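Both complexes below contain chain A, partnered by chain B and then by chain C.
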Partner chain A sequence: MPETAFEPWNDPDAKPLIQFRNVTKQFGDFTAIDDLSIDIFEREFFALLGPSGCGKTTMMRMLAGFETPSAGMILLDGQDISPIPANKRSVNMMFQSYALFPHLSVYDNIAFGLKRDKLPKDKIDARVKEMLRLVQIEKFAQRKPEQISGGQRQRVALARALAKAPKLLLLDEPLSALDKKLRQDTQFELMDIQEKTGTTFVVVTHDQEEAMTVASRVAVMDHGKLKQVDTPERIYEAPNSTYVADFIGDVNIIEGHATAEGDTVSIAWAEGQPPIIGTPSKPMGDCKVSFAIRPEKVAIAAEKPQDRRNLVQGKVLDIAYLGNLSTYHVQLVNGTVIKAQASNTRRRASLPFTWGDEVWLSWTDTAGVVLES
Partner chain B sequence: MNLRRFSLIAVPYLWLLGLFLIPFLIVFKISVSDIALSIPPYTPTLELSEGWGGIKDFFSQLDFENFEFLATDDLYWKSYLSSVQIALISTFICLLIGFPIAYGMANAPKEWQPTLMLLVILPFWTSFLIRVYSLIGILSQEGMLNQFLMWIGVINDPLTILNTNIAVYIGIVYTYCPFMILPIYATLIKLDGSLLEAAEDLGCSRTEAFWRVTVPLSKAGIIAGCFLVFIPALGEFVIPSLLGGSDTLMIGKVLYEEFFANRDWPVASAVAVILLLILIVPIVLYQRNEQKMMEAEQ
Partner chain C sequence: MRRLTWFNATSLTLGFAFLYIPMIVVIVYSFNESRLVTVWGGFSTKWYGELLQNEAFLDAAWVTFKVGFFSSIIATVLGTMGAYVLVRGGRFYGRTLFSGMIYAPLVMPEVITGLSLLLLFISIGLDRGMFTIILAHATFSMCYVSVVVSSRLVSFDRSVEEAALDLGCTPFEAFRLVTLPIIAPAVISGWLLALTLSLDDLVIASFVAGPSATTLPIKVFSSIRLGVSPEINALSTILIGIVTIGTIAASLTTKRAVARRQREEQMAEQSA
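Let's look at the complex of A and B:
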């Protein structure tokens, strides 16, 4: 990573590569994309994340040219792309199923787009070989897609989509067909290739881990609307809604009523329980709020900690052992269950807590997010 | 010896032996016999009661003069050639008509497809013979086609279609088109739509994507359909004898006439043996295509 942070979205002078301007897409009565505007910048690795049916695939298909917006405009490099058909756009796509041509060899699959451009033979050959090297599949150039493994097919699909050096590469669930271990390795490779080629990548995924790992920015979508567009870190640590907080990672959400106390708020949330002290991102008045806190920010202890302002007592209800971490489901006296996570740093030590143990949960003022609900 | 394995393998071989090889040998034997005014109408017949001498006598009387006769009379090779020509042209017309129909079916809305499929198969519910007879009613001078064309004013005098090669082509194409449509439909329906999108995405126009992706990927179905039309069309005799004219030469018709009109079983058998030899080439090619398709699916 270069030292000067890559954050064109914070630079008011940066010219976006792609602009969605109030784009709406309807299929009959169903609104897939609802008045959506967004800017995506050159060289970004942008992830569209959301559950199935949230409209992320429709957005990508509109960029590729397989769908046209019902209203609004999509600009690529400042130019409206609606009248340009898919085969004339400098946008290529890597399909979820890879869509490799089964009757062509790996080499001919990669050369397919170049041949359509009527490039001279030696140029095509040089470019195909470059692509084969880039994704490290030189050995399989003469094989048919059915004769190579799933991971290799994924590479062929990537090479084929990159061969024409598009301004924008779309990736539809690029890694969903791979097993977990291969997926993790490939994520890093994908980032590497993105950086090497300097291509703008837009990836569509329902896998939050994938989006968080590869993307420079993540757009969380729901029902055709953008919920939050931000860096993975901010999406995780500073979600702007309970939907985003809940969609990304694990979270405890506590509903309550906030009263402002200087920079902090005091959230009354259950009778007999002390109020939660939280720090909102911007000053807020008295109102109903949701307090979202990640399990790893909740400390669990047998003894009552002295220095924490947020403190509750409960009983261990369930333990999920994940190897590196354990998640404890702790039930408070009023019935609320709060998840707390502790890392298992010592190998031979048995788990510090077991079912039914009385424990103390605590967290700092700034550990959770206060969201107006 | 593994009896179970043996009996399992034996089933298809016995099948072939009983239903193909033995009948073929009988026909072949008749083809190397001589015509005779007797029952059966050929000689010699094997008399096992005369022992070893009888068998030797039997074999000494067999000869290939019927095949020589086929080579000398130009009626036969002209019929073979004309059959091949009619079968090839009919196959091509079936492909021209069948591919668009199959393509349309495969791209029709899902809920229509069973109905469309039914429409293709529907003619089989009526006897083949009845359908060919009704074509006579349509194609004859006073037939529905001529009446219709005269009614809309395209022609003033009725066209002579029946009893010409055109009627034979119409009959064969009409009868065998479903055999072209169904295998092509079967390959097109399996075609992954994202492949066409990928082709477009990589710079193909719709037409180019069709030729570069759809056609190569339905090749197996096209080949299967062509053989399924070509093989029966080559030996077809009902259609040329009912719809064709006196100058329509097709080997199936010649074969039929040798057997039933001339009662010359040996020559008819020789014609059949040659026809089979001609058909073996496309049949073997068809089998290899089927095998390739099966392998591709695994």
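Let's look at the complex of A and C:
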């Protein structure tokens, strides 16, 4: 079978597993979710990303059945789930605190949901063993949650939530309690498990790196609204607003006035500086714009480059050495600071630039994003 | 081991003397041969023998035990239910008022509680006896249970209960299979507290007790008014003994739990 890209959201015939239809959720006067509609497809690894208080946790709790929408409808497999209580939904959740039952062994924690379904004993046993194998914690089956480490608890929580083979698995900040190294390893394992089981995963996180790594699509949220729903690559390279551009990764944002010049626009942004030439995603007229460009798309050089249309000169103000990369904060003559990133490919060479050096920054016509503001 | 300075040693001696000399006097005189309480007439255990012959005391002890047993169970069930609703019931109308009201009986003078219960029992025509003592004790000790249990409920992670619902439990199953086992230590200590309170209550019991049922504290108090007998000393010594054994057992259990916890933490670290 030829590998086709997994993009059900681009297929008009695909039937979404979850549909939010104009969902609003209010707590008293506070609007947590504001008239939100979204489709999530089967087998997706979907990330809800946003700062705390943006409504992402509320969305997850509505899917799990711990909250009901104030208005609108949530459909699971085409069925309105609002009247179905949490314990009758084919949706399981992995809690941020893991919420393991402290009085039960690892084995009994995983078996807990299966026992509620009144399955025969041997079936439960087989399923629990399968889950223990899947998350590689067979050794600890008889231990209590207090007797295992944080990383192992995270696996138990995942196994327990997957044991009932739910249509949808919700993960609330699944890796936030782990240290950085373990978190990175676990991210890949999580993707692996998602692929193996074919379960639809919806993960809530405030960690943009985590969302970008694991998800097939990312929804960036702010104040109860969706800012952008797209693949990680599109979110990063083609953000649709300065909010998204700024929330994901590092970015330089330059405000200016655009004048159309064929396919490109010329952005006048400061007295005495040459205009920036950018390529908008769709034709635009003369208007105020924000030009967003990632630091790694800005080249830094001591000599004036010849082939670039966007060129500015400045002085190195600050250097952040990150090991694999260095970020240079370059101050232009008019005071604006632009960040440029260069990878440190050679080991023994001292850094090519130092504080106070005069440098040239340059980028291509298509390196940045032109956003109407 | 550090040695105590003379100042610390003196403070320690004085403090403990203050606490324990009265009890030591009772214990010593319980082994007095003489019938006169304050005159030492040689060592003897005869008063313990007499105590065991004294039907009135034995009856009172049996009543006290039964009252304590039943009232503490009623108080534990009601107190736990009350705590659960107040902590987990969400924000129903009047919740703050109710949570305040559950603490009020704790600071209410016992005389008032006793009197109001007495008036209630008279007005509904309930004959005073063991049953009314049980009701009265359950009434005032359930607030203690509820305080102990609600502090445990407040401190444990709500999402554990949500996880139980998420995995297919009905709300009642979630309570029975998850909440109750987790709060069990608090429920048990609430029950022990209610039992202790019931065993040594004098004031409320003397309001609601009838001629048919007398508890041990009432019996002791009324016989002291006729003069302290060496039998009372013997009884007191037995009670002190029971309390001491109970306290030592409790502290040993706690110590063992701490040791087990440390072992578990070590295991967790090694497995990481």
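In this section, the second predicted complex is superposed on the first by the 371 of 373 C-alpha atoms of A that agree within 3 Å, B and C clash if a C-alpha of one lies under 4 Å from a C-alpha of the other, contacts with A are read in each partner's own complex, and residues count from 1 in each chain.
Please note the rule applied: contacts are C-beta pairs under 8 Å (C-beta built on N, C-alpha and C of every residue); 3 or more make two chains touch, one makes a residue touch a chain.
Keep in mind that what you see is a predicted model, and the values were worked out from it rather than measured.
K.L.:
Contact-wise, after the overlay, does A:149 reach chain B, chain C, both or neither (first, second, both, neither)?
P.N.:
In the superposed model, A:149 contacts chain C only, not chain B.
K.L.:
Using the superposition on chain A described above, determine whether A:57 touches chain B (first), chain C (second), both, or neither.
P.N.:
After superposing on A, A:57 lies clear of both chain B and chain C.
K.L.:
Quick one: name whichever of chain B and chain C touches more residues of chain A.
P.N.:
With both complexes superposed on chain A, more residues of chain A are touched by C.
K.L.:
Quick one: is A:310 in contact with chain B, with chain C, with both, or with neither? Answer first, second, both or neither.
P.N.:
Neither: A:310 stays clear of chain B and chain C.
K.L.:
For A:194, select first, second, both or neither according to whether it touches chain B, chain C, the two together, or no partner.
P.N.:
In the superposition, A:194 touches no partner, neither chain B nor chain C.
K.L.:
Touching A:208 in the superposition: chain B (first), chain C (second), both, neither?
P.N.:
neither
K.L.:
Tell me which partner A:140 touches in the superposition: chain B (first), chain C (second), both or neither.
P.N.:
A:140 sits against chain C, while chain B stays out of touch.
K.L.:
Under the contact definition given at the top, report the residues of chain A touching chain B in one complex and chain C in the other.
P.N.:
Residues common to the chain A contacts of chain C and of chain B are 64-66, 85-88, 91-93, 95-97, 99-103, 112-113, 116-117, 146, 160-161, 164, listed in rising order.
K.L.:
In the complex formed with chain A, which residues of chain C make contact?
P.N.:
157, 159-160, 162-170, 173, 177-178, 181-182, 261, 264-265, 267-269, 271-272
K.L.:
Once bound in the complex, which stretches of chain A touch chain B?
P.N.:
64-66, 85-88, 91-93, 95-97, 99-103, 112-113, 116-117, 146, 160-161, 164
K.L.:
Which stretch or stretches of chain B touch chain A in the complex?
P.N.:
Those in contact with chain A are residues 192, 194-195, 197-205, 208, 213, 216-217, 219, 296.
K.L.:
Could you list, by residue number, the parts of chain A that touch chain C in their complex?
P.N.:
64-66, 85-88, 91-93, 95-97, 99-103, 112-113, 116-117, 139-140, 143-144, 146-152, 160-161, 164
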